[in-house]
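Worksheet: the structure to be examined is printed underneath.
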Amino acid sequence: MENHKLVLPEHLNHYGYLFGGNLLKWVDEISWIAASRDYPGCKFVTIAMDKVEFRRSVRQGSILRFDVQRSRQGRSSVTYTAMVYCDDIETGREENIFSTHVTFVCLDDAGEKRALPQ
Amino acid sequence: MENHKLVLPEHLNHYGYLFGGNLLKWVDEISWIAASRDYPGCKFVTIAMDKVEFRRSVRQGSILRFDVQRSRQGRSSVTYTAMVYCDDIETGREENIFSTHVTFVCLDDAGEKRALPQ
Amino acid sequence: MENHKLVLPEHLNHYGYLFGGNLLKWVDEISWIAASRDYPGCKFVTIAMDKVEFRRSVRQGSILRFDVQRSRQGRSSVTYTAMVYCDDIETGREENIFSTHVTFVCLDDAGEKRALPQ
Amino acid sequence: MENHKLVLPEHLNHYGYLFGGNLLKWVDEISWIAASRDYPGCKFVTIAMDKVEFRRSVRQGSILRFDVQRSRQGRSSVTYTAMVYCDDIETGREENIFSTHVTFVCLDDAGEKRALPQ
Amino acid sequence: MENHKLVLPEHLNHYGYLFGGNLLKWVDEISWIAASRDYPGCKFVTIAMDKVEFRRSVRQGSILRFDVQRSRQGRSSVTYTAMVYCDDIETGREENIFSTHVTFVCLDDAGEKRALPQ
Amino acid sequence: MENHKLVLPEHLNHYGYLFGGNLLKWVDEISWIAASRDYPGCKFVTIAMDKVEFRRSVRQGSILRFDVQRSRQGRSSVTYTAMVYCDDIETGREENIFSTHVTFVCLDDAGEKRALPQ
């Protein structure tokens, strides 16, 4: 799944670059959407992230492109690889600025793990 | 261009449905991203919206799908049609819940209208 | 009804001007308040906006004045005209920077349209 | 000066009532707007609040009415009395739910106190 | 109790300093946490603040240190003194920039005042 | 370093529990504060997180306690271990709900890595 986001002044840290915490929040949301669309009817919660790497600082006005792909499916959990690319407004070239793996587990109404549909 | 957004409790009105003002804010942002990607190097500002229609209330937990298409290009302005669909998490069926036309104008560094690249 | 709002850094786009999406959100909220005060006991939802026009960019530190007036009443819907003026802090002169028409419909508890009190 | 605000779910504490910190933030903003409109060209900063009283809890969906009046003018400072009333949507009756005094001082460009215009 | 907070661009006023309303919101939250930890099982609401003093402007990037101490206990209410210090990132020296007294009252499930545990 | 945070309705996901993205944002901010206080004068940016584990869902009204400790110092980078505990308001017992390792790198004014002070 692909998604886009504009970096506004409200998202910056005091050095004038995108505050990493906002990027993490967006990645969690977009990966969750991808999982919920792949498995309709499943109730997912995030249980882990791994290899979170911030590769380059991002300036305000940047358009971010999120690319989220399913990379591993277990019995009741599924992992997505999230890559974020920065689309420079003026030149149009893009660069990978962030990557991570996000793992979700599927819960039933009682909050217990349940098997994913195959 | 396509984009997705999850409706969280922070986006609701006091009736428990998505607050329309948040939807307008997202549509403005996503249409702007579409225009900026179609015309790299252009500095766009929103000048108008037309036929803004809210067709159905949206509950929290809904996944919204934004579909933004260029519908008219003028000399220095461009109009996008934004349609928003609601993806019911449990059934997976989607419905059109919102539509509008957003018009941007391209400005030069002095803030004057400038012709769009053809 | 009249209302005021201060434009803070958190409301800006990356060009340093008020992000249009925030203005739309405020107009929706203030028009809704006007309708709810004019018709106590009615439950209103926004169904349309028309002729949304952004006339001038707004800098941070600006004080916005919202003027919202009822312009048309139907059987179960009502339209307000919202004008926004920018009050320059230093000179005190004001200018119209935005206008639109917002239409609300009155719903009963089952979510069906109901007639407005006359 | 009079102003209105709608209490949305994003403004609540975990008891389901308006979080006091949000009310304080709104009172500071609206009083500042009142002062800046009364003294065009002055740069004000908040230096004190006194007798801050929360008189009643406020539910979501409430429309708040802020009434801010100048109560004392010194040489370089000015105090406003802010009263907040809650407008019950269904009955239309209003009640005083909050009051305080906010004092601003007028600064010059070097950040030093300067006399208010008489 | 001690707490820390980083001042980001989203917290600034249009002069480029911390917006006082945000500081008030943080002080209310942190004092409430201190009270709730000192009296487990009590449901507290803020009823008053007194002698709110903003002593110095705060720049973005500042690390604030909140120091909250219980100063007076009544039968059903308790008052905390909140001091805020600004930790200059580069020199490491700190200065008192804000102080106030916050009073909470303990409520039972019916919303009536109840005695604090001794 | 220790810090506290109250979970409010604005922080929830649509299941009624703390949205993981907000927790990640807070952990990034608090770890950054810890690093900046340990190395006055250093300009830090987050470059990695590892072993991000969400151990238990968190309800609104919970008081979170963040415990951040330096775990490894390299030449120009430093790693902190962040543990988050949930303090149940009514019973007062706490449980570990989240853990991760956050790595920062120290930059000079040109944006190049620079050695940490020993």
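The chains carry the letters A, B, C, D, E and F, assigned in the order they are written, with residues numbered from 1 in each.
Here, a residue touches a chain if its C-beta (ideal position, glycine included) is under 8 Å from a C-beta of that chain, and two chains touch if they have at least 3 such contacts.
The shown structure was predicted, so the numbers you read here are calculated from the model rather than taken from an experiment.
Q: If each hop has to land on a touching chain, what is the smallest number of hops from chain C to chain F?
A: Tracing touching chains, the least step count from chain C to chain F comes to 2.
Q: Count the residue numbers both chain B and chain D use at their shared interface, divide by all numbers used there, and answer same if that is over half, different if under half.
A: Since fewer than half of the residue numbers are used by both chains, the interface counts as different.
Q: Mind checking the centre-to-centre distance between chain C and chain E? Centres are C-alpha means, answer in whole Å.
A: 34
Q: Taking each chain's centre as the mean position of its Cα atoms, how many Å separate chain D from chain E?
A: 18
Q: In chain E, which residues are in touch with two or more of the other chains?
A: 6, 9-10, 15, 19, 29
Q: According to the definition of touch, which chains form touching pairs?
A: After working through each pair, the chains in contact turn out to be A-B, A-C, A-E, A-F, B-C, B-D, B-F, C-D, C-E, D-E, D-F, E-F.
Q: In the complex of these two chains, what residues of chain C are touching chain E?
A: Contacts found on chain C: 6-10, 60-61.
Q: Once bound in the complex, which stretches of chain F touch chain A?
A: Residue list for chain F touching chain A: 15, 17, 19-22, 24-29, 43, 45-54, 57, 100, 111.
Q: Spell out the part of chain B that touches chain A in their complex, as residue ranges.
A: Chain B reaches chain A through residues 1-6, 29-30, 32-33, 36-37, 40-41, 63, 87, 89-92.
Q: Flag every residue of chain F that touches chain B in the complex, lowest number first.
A: It is residues 9-16, 19 of chain F that touch chain B.
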